[in-house]
Structure formats: structure tokens, C-alpha cells
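Written below as C-alpha cells is the structure these notes are about.
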Amino acid sequence: MSKPVILVLGAGAGIGGHVAARFAREGYHAVLARRSDGEGLQRLVSAIKTNGDSATGMLVDASDDGAIEDMVARIESEIGPIDTALYNLGAQIGNRALSDTPHRTFELGWRLGCYGLFRLAHAMFPAMVERGKGTLLVTSATAAVRGNAGQHSHAAAMGGRRMLCQSLNAEFAPKGIHVAHVVVDGAVNAPDTLGRMLGDTFEAYKASKGEDGVLDPAAVAESYWHLAQQPRNAWTHELDLRPWSDVPWWNDNPVAG
Amino acid sequence: MSKPVILVLGAGAGIGGHVAARFAREGYHAVLARRSDGEGLQRLVSAIKTNGDSATGMLVDASDDGAIEDMVARIESEIGPIDTALYNLGAQIGNRALSDTPHRTFELGWRLGCYGLFRLAHAMFPAMVERGKGTLLVTSATAAVRGNAGQHSHAAAMGGRRMLCQSLNAEFAPKGIHVAHVVVDGAVNAPDTLGRMLGDTFEAYKASKGEDGVLDPAAVAESYWHLAQQPRNAWTHELDLRPWSDVPWWNDNPVAG
Amino acid sequence: MSKPVILVLGAGAGIGGHVAARFAREGYHAVLARRSDGEGLQRLVSAIKTNGDSATGMLVDASDDGAIEDMVARIESEIGPIDTALYNLGAQIGNRALSDTPHRTFELGWRLGCYGLFRLAHAMFPAMVERGKGTLLVTSATAAVRGNAGQHSHAAAMGGRRMLCQSLNAEFAPKGIHVAHVVVDGAVNAPDTLGRMLGDTFEAYKASKGEDGVLDPAAVAESYWHLAQQPRNAWTHELDLRPWSDVPWWNDNPVAG
Amino acid sequence: MSKPVILVLGAGAGIGGHVAARFAREGYHAVLARRSDGEGLQRLVSAIKTNGDSATGMLVDASDDGAIEDMVARIESEIGPIDTALYNLGAQIGNRALSDTPHRTFELGWRLGCYGLFRLAHAMFPAMVERGKGTLLVTSATAAVRGNAGQHSHAAAMGGRRMLCQSLNAEFAPKGIHVAHVVVDGAVNAPDTLGRMLGDTFEAYKASKGEDGVLDPAAVAESYWHLAQQPRNAWTHELDLRPWSDVPWWNDNPVAG
């Protein structure tokens, strides 16, 4: 297969699915991987194919030993060299007081939020280094740049993720691999994650944010596409994304100064 | 005139000129403003027109009282509503010990690096607010995020610039104005600024940085174009840009940890 | 005179006055400088002397050409070598929309918030370098690390101040001068500044913050004293200070994550 | 026992041991916990007792399930309420390329660098909340604020640690618990860690840094003591510490600007 491959780890109906479709539309073969809901996955893959583009779906539990490594090996040998990967797994569990955050929860947050990214890079970068190029896009969150009440697990995982991205960039940018860390600093119109978390209140929540008040995953995918197309003389390592009407993470009450 | 207008303040042969040309190519009327070198300015304007696109050149000394204000008023009344502005004036004077940084130099750095941006926003935003939309792109530098030896004037100006951008964003994003602060964290292949500073050693310097080792202003302009096209549900306030082989500002000796 | 000298520029009844008294109590000669209110100044000086300690008061308008320079020269020649200086001048003008922030206001903010610090270092550091030691403490604010609505003037001045402190540190720490930037991230119980701003509502404001809910300037002075005593093998360049019950600048609504 | 208790987790001959001794000298009972080297531990405890102060030693492997929890319970029931704890466990393994960083190493880095701190807070904070006060000091590193080549494991652990500290602070500061994150941004004169890592070259390394060129753990302990004594109206959440002659993490080559 001669198409460049994009691997999306965490391919739901939000950012992941839209990035896969966006790259497929440009001639990539999109590999969509997610933990569960084979039917949902199949719908995303079919939508891409119906469009005349090219995609494969895989059910992968990234927290299983060897699962990420096997997936990378399989794609490289059966589908083609991975040109771009998107690490799109979250570790958000809503707000939990420390006493409501069991050890297991904290550990799982790290497994998905930080360790999985390390494992993906570990498995995927050697071939990219050999080819002298590759891109790793990482969806991240406000919690990567500041901790907050109720975010013990999420912030620890995301803070580790951000520092890991800087470490990967330091070693691998000079080898031709572009690592980009995207701080998604607002609610995304994603039925599989935010939608599931909010349930029946999802539509009311979106309405409460006003016009264009939540991030459209298609718009987010556009910025990911831009990042992946930057020539190596002008790479972005980090950018933030939020709706116009949202308060950025560094601002709170304007009165406080 | 029905074309949207982009105003580039600091339109030399580097980022400024390339952004003007990039937007003109997409159907904007580009207004290129710079302090001096009317011939160089004319060459940039002519190149855009030769391409079949639309541009105007203006000589403006941004440090003059009223100059920025007059320029904005003149463009709005004679050319058309400003859709996007790029503040591209620098305050870099090379490395100077504190004792070699006279009061006048420090003040001039602030006038160009910070005060001019305030004045541009002050003059231009009211009409944008009335129209409910507009974009202000700001070229910034490493010195906006960390001070360094020899950078007393430059870092003070750029640090003020960055905090001003956040303040402008906080007040005006909810009114539809997109403010984006671009941390250019590497050398730009710009004959009018870096080229003039380095003189005869410019080519040798670029060669020393290796292949794709300096930022190509056309590539930078591509990211500016992307920023200006982001729909308001997914705005970026800050991103960094550097060549693949450059060490990011937050890294120094890898041994230090 | 053989006592070490501390110069406090911006010596009101809040942080400035308390730092002066704290250092005087340890055997320093405190020079208290402020722009106006000679009576208030005299009260502070007298209180220190009544304690058996040593102090001088000076009325100085830091925004006047030459005023800072003359003050430094006069202290060095008439009182003694400046061991430690505290730059405690503010640029806070309350929250002002951009349209309510005239050019003059923005410039004055910079003159007090940033340029004055540059001038103090410019005038004072040569002698400190010759002596191989000295300390410059800088009171700073939340606006130095993040801009916000209504803070155009204040944040631009404070952001410049912070980057200037890093630049000064980079050149002068290796010459034995300790530069420390203190992010005061909360309201200070200071009658001359916050008190004047709030007027009749000052006491109600403090009560609304709860027990220990505003920064006690005596407690702040204790941390300044600690900074100034750190041996040069373990210097702090930046620390934050806020009341226990205050939300740090990087946190807003805990629900947002 | 009526003395307030300080628990030092990671009590070697460097920062940990010096903090224990410093607090003991002020009337605390110091509990020194470390993983191995019972003899070294005993020497530290004896030195404190010889001074007429009060201390207990414990061998604890913080990566064992239940070990931190048991230790906290035992101290609270057998020795006394923990007033202050210092989390001083490191995750530094020197510089390792990604390919030389096995999964196990990365996980262990997290267990010691991040998860252990979560477990300590989880076990210790409920009693502190009930008492309405307590202090958690956290020794951290440059890698908490920026990743770097070779630091994949260390930076991911420390970045998580920093965001966890902010999350703990957000929930527990308003309940009277002071969480302080100390960015140790330089080499510490610590025979048990840096000394062991450098072996025979330790003395030469220190000499190469010049006079006062490495952090003296006694000086560091002085700043920890200051942090723990701050009244709750003026708490510091984060400060940095480095030798005067060291380049701060945010600076590299002054030429680069």
C-alpha cells in the first residue's frame, strides 16, 4: 500500500474520528483504534470509505501489556509505514476529591494518560528515525498546564504527558520527528466522551455555552492537519485551542487582577 | 473596495512581506507599512501586484505620535475595513550588557515592542468590535517567555507584549476579535532584519544551521494564515515556531536534566 | 556609617514599610523612599527609630528624569553602600477597559512598573558588581504572569518587569547579585494602596475574605528577609505568596478541569 | 509525645537528612524514612540525638503496596500527629535515550516520582484536615517544569508531581494544609544521590562548579524551614533554588536571545 498511514489511538466520534477522516480525505490511509464499541468504530470506518477514502478499524485496549506494541508492529508490516500518529486517549474522570480517588483510579489515569504515550513512542519511533521523518500529535488538556481541585489523577497524568512530549521532542526533533502537544482548553462537541459524561444534559450544556461555544472536532482536526503539514524549518511544539467565548485557563475573575 | 484588508505593520522582506503576499494571494488587499526604505517597500508591493493580487505600501514611523492612529483611520476610510492586522515590529537590538543599554535604547525598545501594539489595538479595535470580528496577529520572540543576559531591553518589551496580548484577548475574544501571539523561537531567513544585523556573515550563519535550519518566512506565513482562518469555536492564542534542529528555549544542555 | 543599607523604593504602610522595619530590626539602616505624603513617610521613619533602629526618609518621584539616579548616588556617598534594594513601586490602576486606558496612562504604568526598575538597576548595580555582592528584591503581581481583562497597562508593565528581572539575573547572578522576583498573588492589607483604592469598603472587603484572608505585610516582609539571607549557593529567583483561602492565579472554576 | 512531628520520606545524607535535623533542632520529632542502608539511616538519627534532639528511623520501600500507608498510620498512632511531611524521593536515573528506557524503568520512575506522593497525601491528609492544619513539602526538580533529552522517565514523573501538587493545593489549602513545591534547579552536595551517581568524579565535579557552585543541603533546609513557618495568610506554593553561578533552566546560550 503506497498511501501514507495515520494511526489514531482513541478514535471516537470526536477529535479522533475527525482527524482520521481529515487525513483520509487528503490521501492518507487512516487506522482508527479504540478500546470498545466495535459498532461505533465500524460506523466511522464506513463513513470514511463511503467518501472514497481509505481506513481500517482496530479494537485495542491500550492498557493491556503488549497491545500498543502489537498494534504498531501489525500496522507497519500489514498496512504500511506510519507517517503520523495521533495519541488521543484521555484520562479524564470528572472531578473527584482526593478521598474519592482510589489508588487504582490514579494508576489507570497514568496508564492511559502518560504511560501509553511513552509505549507508543517507544514502539513507533525507531522505524520513524530510520526513515528520517514522522509526526506524533498529542491531544492534551488544560490539566497538563495547571492542576486543580478534583483533578488529582487527570492533572498528574497530563502533566506527565506534557513533560514527556518535551522530552521526546528534545531527543527526536533533531532526528526528523515532529512532536506536537495540543492543549485543548475547552469543551469539545464529542458525543463519545463529553456526551457520555453529561448524558441527557449534553444538549442543554452546549446550548448554555452560546453560539460557537464548544470546540467543533472538525475545526480541531483542521489545526491538527496544519501541524502535520508544517515543513521542518517551522515546527510548532505546542498550541492551545478554545472557543472565543471561553475564559482561557490562565484567567479567572477579572476583578482579581 | 470589497476585498478584506490585512494590515502588516513591519513589512520587510521576511515574515511581514510573506504574510502580506500570502493573504493577498487568498483575495485580501494587503497594506504593507514600514518605517523606511521606500524602494524595498515598493518592490514588495509590486511583486504582489505582478501576481495579479492587490496591495498598498505606506511609510510609517510607528514611534511617531499619532502615526499608527492616522494610518488606521486612513486605511479604514480610504481602503476598507481592516479584517486582520499583523503587528510585526521588533525591538531586537542584539545582545547588550546593562551598562551598554542606555535609557533611550530601553525606552525605544518599549515604544516599538509594546507601546505600538497597545496603540494599534486602541485605534483599531473599536471598529472591529462594532463589526463583531477581526484578527490581530502578533509576531513575538523567545524573549517574551524568558529573559536572558544582554536582553534587558528586548525581553522587557516582549514580556510586556505577551502580557498585553493576554489582556487584549481577555477583553476582546468574547467580542469576536482573535488575538494570536506567535513565539518565533529561532532565526528567520529575513534579509531586512537578521540579514542586516549579521551583514557579510549571514550566508555563513545560515549554512552553519544545516539543512532547513532557519525559519523560512513563507512557512511562518502559512501558520499565520492558518491562525487567521480558525473558526471562532477553535481559536489558538499562542503557538511556538522553530526549526526541527533548533533547541527549544526551555532546553539547554541535555546533560543538565 | 557601618550598617548595611537597605533601600526601599515605594515605602508605604504596606510591604515597603514593613520590609524597611524588618531589616532595620536586624541591624540595617533603612532608607525609605516614596513619592508623596511626607508626613506618612516621617511616621514610618519615626516608628523605626523609636524601636532603637536606624532609618532615613526621602521623597522621590521615580518617574522624574534623574531622580532614581540621584537618590542612589546620594545614598552611596552620604549614607553607605546599598546592600539590598526593594523595588516596591506599583503600576496598578484598577480595572480599565482598553477604551478607558489613555496612552498617557499606559505609558505611566510602564514608567513606574518597568522603566524605573531598569533605571534603579542601571544606577545601582555597577557598585554592587565592584563589591561582588548585593540583593535586588522586586515586588511583583499576578499580572506579571498572566494578562487579564482590564489589565492592559498593569500587565504590560508587570510582564516587562518579570522578563527584565530574568535578564538582570542572567547577567548579574554570576557577579554575586541576587535578583528575586516575588509574585504577590493576593490582596495585601496595605492602607496606602489597597486601602486608598477601596476607601470606605476596605474593612468590609477584608472581612469578606475571612480569617487570615489577606496578606499581612509583616508576613510578606518575613519572606523577603529570608530571600535576602539565602547564601549564594541556594538562591531563589521567584516565589509566589497568597493567603491560604485564595484561589491561585492558575486556577479558576474547579468544574472546568 | 507532645513534640510536633516531621516525616521525611527519602532521608539520605542530602536534603532529607538536613531537613530532619533542622526541624529537630527547632523542637520537632523527626521521623527519617528511607528504603535501604539501615546503617546510614542510624548515623543520621544518632547525629540528631547526640545534638539533644529527637528522631526515629524507619526503613520503608515506598514502592511496596501499603508501605506508605502503614508508615503514616504507625507514626500517627505511636509517635504523634504529623505536622509536616517532606516528600523527598527522587526518580532521577541519569540521562537515558528512549531506547535505553525500558517500560519497567519508566513505571518505577512514576511509582517513586508521582504515585508515592499521591499515596502519602491520600493517607496523611484526612487527619490533617481534621486538625485544620499541616504542611507538605515536596522536593522537585528542573524536570518538573521542562522535559529534556534523556529525561523521558524523570520528566514524566516530575511533571506529574508538579501538577499533582497544584491539584492537592487547590483542594487542601482552603482546609489549612500548606503544599509547597520546590524546584531544585541545580546540583546538590548530596553524597547519597549525586555522590553515588558520580562516584569517584564527585569531588572533581564539585570543584568544577567553583566556589559555592553546588547547593548546600543545609541551605536548602533553611528555605524548607522558612516555607513551613509561613503563616497561612502568606503561603508560597512554589519556589526555585539554584547556586548563583548556575544558569537557570529557562536560559541557555545568551547569544540566542
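Assorted remarks:
To keep things simple, chains are lettered A, B, C and D as they appear, and every chain counts its residues starting from 1.
Criterion: a contact is a pair of C-beta atoms (placed from the backbone, for glycine too) under 8 Å apart; a residue touches a chain by one contact, two chains touch by 3 or more.
Note that the coordinates shown come from a computational prediction; the quantities given were computed from them, not determined experimentally.
Annotation: A-B is the more contact-rich of the chain pairs A-B and B-D, by number of C-beta pairs in contact. By residue number, the contact pairs of A-C overlap by more than half with those of exactly one pair in A-D, C-D or B-D, and this pair is B-D. Distance from the chain A centre to the chain B centre is 31 Å, each centre being the mean of its Cα atoms.
Spacing of chain B relative to chain D, judged by their CA centroids, is 44 angstrom. Residue positions of chain D touching 2 or more other chains: 143, 146, 148-151, 166, 169-170, 247, 250-251, 254. On chain A, the positions that touch chain D within their shared complex are 97-99, 101, 103, 106-107, 110, 114-115, 118-119, 121-122, 125-126, 143-144, 146-152, 155-172.
Within the complex, the chain D residues that touch chain B are 92, 95, 141-143, 145-146, 148-151, 154, 247, 249-257. Only residues 166, 169-170, 173-174, 176, 178, 212-216, 219-220, 222-223, 226, 230-245, 247-248, 250-251, 254 of chain A touch chain B when the two sit together in their complex.
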